[in-house]
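Letters A, B and C name the chains as they come in the text, with residue numbers starting at 1 for each one.
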Amino acid sequence: MSELPRLIVSGILSGGIYGLLAMGLSLQYGVARVLNIAHGELVMVGAMLTWFLFTSFNINPLVAAAIIGPPLFAIGFLLQITLFRGLKAWAPSQAAFEGNALLASFGLLYIISYLGLLEFGAYPRRYDWLNYVVTFAGMSLRLNRIVAFAVAVAIGVAVYLFLTRSRLGRAIRATAEDPATAGLMGVNVNMVLALCFGLGALLAGVAGSLISMINPVGTTMGFRNTVIALIVVVLGGLGSIPGSFIAGIIIGIVSSLVTGFWQPVYVVPVYFGILMVLLLARPAGILGKK
Amino acid sequence: MRILEGQGVNKYFGGLAAVSNMAFHIDQGEIVGLIGPNGAGKTTLFNLISAALPLSSGEIRFRGRKLNGLKPHQICKMGVSRTFQETKIFGNMPVSQNVLVGAFFGSPNRVPAEDAAREVTQALEFVGLSAMRATPVKDLTLVNQKRVEVARALATKPELLLLDELMAGLNPTEISESMKLVTRIRDTGITILMVEHVVKAIMGICERIMVLHHGEKIADGTCREIAANKTVIDVYLGEGAHAGS
Amino acid sequence: MDITRFISTHRKLLLVGVSLLIILGFLATLPLYGGVYYTRLLTTILMYVILSVSWAMFSGSTGYMSLAPAVFFGVGIYTMGFLQRILPFPVIIPIGGLLSFIVALPVGLVTLRLKGIYFAIFTFGLVVFMREVVAALESDLFGRVGQHINPLPDETMFYAMLVIAVATLLAIYFIRRSRLGLAMLSIGGNEEAAAHMGVNTIRVKVLTFAISAFFMGLAGVIMAPMKIYIDPRIAFSPIYSFMPILMAVFGGMGQFYGPVAGAIIFAYLEKTLRAQFPQYFMLGFGIILVLIILFLPNGIAGLVSKLQNKLGGVIAKLGKEGEAE
C-alpha cells in the first residue's frame, strides 16, 4: 500500500496535462460549437514538431512549445474561418451544423493523421530531456513529468485569468453564453469564434509538446488523446476551465490506480464506466454550465 | 365537472419560482383564458400540465387522476393535448402526415389505418386546410402552420386542449377567424385553456380568465370581473388595453 | 383490356419493380462470370449498403447522429469468430444480428436520453470501449488476443450478403412506411411535439436503434470470413462507423436510394483507392469527407431533388406559356 501515494501523485502529474488537453477541446466546442474529433491529431502534430525540433536542433521542448504555438494557432484560426464558418452559413439548423462540423472534423482527422504518417513514419519515437529521477517529498519522480505538470497548470491559470479578467476574455465568455446577444452588444462574434478555435488548436499543440517530453511520439497518439480529452471534458463540464483541470486530475489518478492495482488494459473500460455513469447522472459534468 | 385542477403547484428553476403555490381548476366545456405579463409563468404552467416539465411540488389532476410523474405521451393519451408558442411542427413532412401523427398516437388504443386517415381528413376540414394537405408544413404561412398544430392536436381526440398564444403574430382578420375556430372547437365538446396576449381574443371568447403575475395567480373570474379588478388593471390590463384592443 | 389498364395505372411501380428484378438477376448470377475480384468487391459493396441504409434508417429519421455502427458490426464479426466451429454459417448469421440487437437495447436506453452531441460522443467512445474491453477480456480469459477465421467460399459469402442486403432493404422499406417509421420521422421533426402527440419517444428511439444494430450485426457475421484474421482492432474499427455515415450523407438521407447510391460509389472508390494508392487512401478519404460535408450536405439525392424541382418549375413554366398561346 505504500505504492498508493506515489500512484496518486503520478496520476496528478498526468492529470495536469489531461486538463490542458480538455481545455482546448472545451474552448472549441464551448464557444465555436465545433466538437473537434481531430483535436488529438493536433496534439500529435505538436508532439511531432517538438520531437523534430529537439532531435534536429536541440531546442528544448518548452521553447519548442512556444515556437509551434503560433503556427498551430494560425491553423486553427484559418480552419474556423474557412471550413467551419462555411458550414455554419449553409446549415439549416444548429443541430445540423454541429453534426456536420463533427463529420468534417472526422475528415480532418484522417487528413492530419495521414500527413503525420507520411512525415513521421509508422514507428513511435522518443527523446529524453530532463528524464531523470528526483526525490520529492520522499517519492521518486521523474523531473520531466513534474516540469510538464507545472507548465500545464501555469498555462491553465494563465488562460483562466485571461478569460475572466481581460476584455477579450469577457467577450469570449459572452459569446459562449449567447452569441446573438453578444453580437448586439458590439462583440465581433466571427472573430471571437475564430480566435477561440485558434486558441484551442494552440493549446492542443502545446499539450502535445508536453506529452512528447514523457511519452513516445507516434501516429496512434492522436486518437488516444482525443478519447482522453473527450472523457475529461464530459467529466469536467464543457466550457469550464477549472472543471477541466479537476476532471483531468481525477482521470489521471484513476488511470494510475487502475494501472497500478489492476492492469493497464482496463484503463479505458474504467474511464468509460465513469463516463457512462456521469452522462446519465449529470450530462453537464461537474462544473459545466449546460 | 372539474376536468382539470391543480393544488399547491410549485415550479422552481434554481432559486427562482416560476410558478408559486398555484391553485386552479377548469370545468368541463369552459373556455378559460390565462393571461399575464411576459415571464408570469403561463407557458411554464402549460409545461407542467403537459409534463414537458416536472413539478417541484404540488399536484395536478385531470379527471381526478394525478398527472405527477407521467410522461407527455401518456398525458396525451389520457386526453390532454396542446399547441406550442413557437410552432413545433414537423417541418419536412406534409400537412396530412403531421396530423396523422396525432391521429395514430394520440389514442390509448391502436388506431386502424383507415380510421386514422379519416381523422386526418376531418381534422383538416375542421380547420380549413383540406386544400393544402400535401404541402410540406415548412412552406406554409404562420397562420396556417398554427392551424396544422391545432388539427394535429385535435386528431389526438383530446378532452382538454391547451392553446399557447394561438393568436401571436396574426393580423386582425386572422385573429377573428382563429377566435371563431376556438369557439367551434369548444362546441364539439372540448374544454379549452388558452394563453393569450391579444386582449380582444381573450375578452371575446373566454368565459373565465385567470391572471398570473410573477408565478402567482392574482385573479380568477369572469371577463367583466377581471376587467374591473384593480390589481389586474395595475399589473397588466392597464398597458394591454391600449396595446391589444 | 384489364392488363393494359393495370399496366398504365401502375406504370411507375412496374418500371421500378422490373428494373430491380433485372438488377437482382444480374447480381445473383455474378459469381458465374465475375471472377473472384468482382465477387469480393460486390460483397463489400453490399456490406456497406446494409450498414449505410441501417444507419440512415435510425440517424436519418430521428436526427440522432450515431457513431456506433462499428460496435454492432464488430459484435457480428466476433460472433462468427466464436461460433464458427460450433454452428453452421446460416445459423450464426441471425445469432450475430440478435446479439447486436441485445447489446443495442441497454446502450440505447442509457444513451438516447442524451442531448444530440453527447449522444454522438458517447457512441464514438463506445467503439473505443468495445475494442478495449474485448481485448482485455480476451487476454484475461483466453490468454491471447485475436483469432483466425476459417475462410468460406467467395460465392457463399456473396450470396449470404446479397440475401441479407435484399432482406434489409425490404425490411427498412416497410418500416419506413409503417407506424414506427412515422413515429421516427416525427421525432426527427420535433421530438418534444412528437412526445406530446402521444409518441413514446424513448421506446421508438431505442427500438429503431436496436433494429438498425440488428442489420449491422448480420453484415458483420458474413464479413468475418473474408477477413481471415480478426482481433479487436480490426473488428471494432472506427472506419466502419465513418464510412456508412459518409455514404449515407453523400448519397443523401432524405430519399431511400440515397444511402444505397452512396454505398456503391464509396465502396468502389475505397476498394480501388486502397488497391492503387494505399498510401494516399486516408488522405483522399479525409479530403472527400470534408468537401462533401461542405458542399453537399444534403447529398446526391438532395441535389437530385433540387434539380428535379428546378426542372419541374421550368417545365411547368414552359407549359403555361404554351397554354397562353
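The working rule: a contact is a pair of C-beta atoms (placed from the backbone, for glycine too) under 8 Å apart; a residue touches a chain by one contact, two chains touch by 3 or more.
These figures come from a predicted structure and were not determined experimentally.
**Q** Going by CA means, which chain is nearest the middle of everything shown?
**A** That would be chain C.
**Q** From the centre of chain C, which chain's CA centre is farthest?
**A** Using the mean of the C-alpha atoms as each chain's centre, the farthest one from chain C is B.
**Q** Rounded to the nearest whole Å, what is the centre-to-centre distance of chain A and chain C, using the mean of the C-alpha atoms as each centre?
**A** Centre-to-centre distance between chain A and chain C: 33 Å.
**Q** I'd like the Å distance between the centres of chain B and chain C, where a centre is the mean of that chain's Cα atoms.
**A** 41
**Q** Between chain A and chain B, what is the gap in Å from one C-alpha centre to the other?
**A** Here the centre of chain B sits 48 Å away from the centre of chain A.
**Q** Quick one: which bits of chain B touch chain C in the complex? Just the residue numbers, please.
**A** 50, 52, 71-73, 76-77, 81-82, 84, 88-93, 97-98, 100-102, 104-107, 152-153, 156
**Q** Considering only the defined contacts, which chain A positions touch chain C in the complex?
**A** My answer: residues 29, 35, 37, 83, 86-87, 90-91, 95-96, 98-100, 102-104, 106-115, 117-118, 223, 227, 230-231, 234, 263, 265-269, 272, 275-276, 279-280, 283.
**Q** Going by the contact rule at the top, pick out the chain C residues touching chain B in the complex.
**A** Spelled out, the residues of chain C in touch with chain B are 179, 182-183, 185-186, 189-190, 192-201, 254.
**Q** Where on chain C does chain A make contact in their complex?
**A** The touching residues are 63, 65, 110-111, 113-118, 120-122, 124-126, 128-129, 132-133, 135-136, 139-140, 238, 242, 245-246, 249, 279-280, 282-283, 285-290, 293-294, 297.
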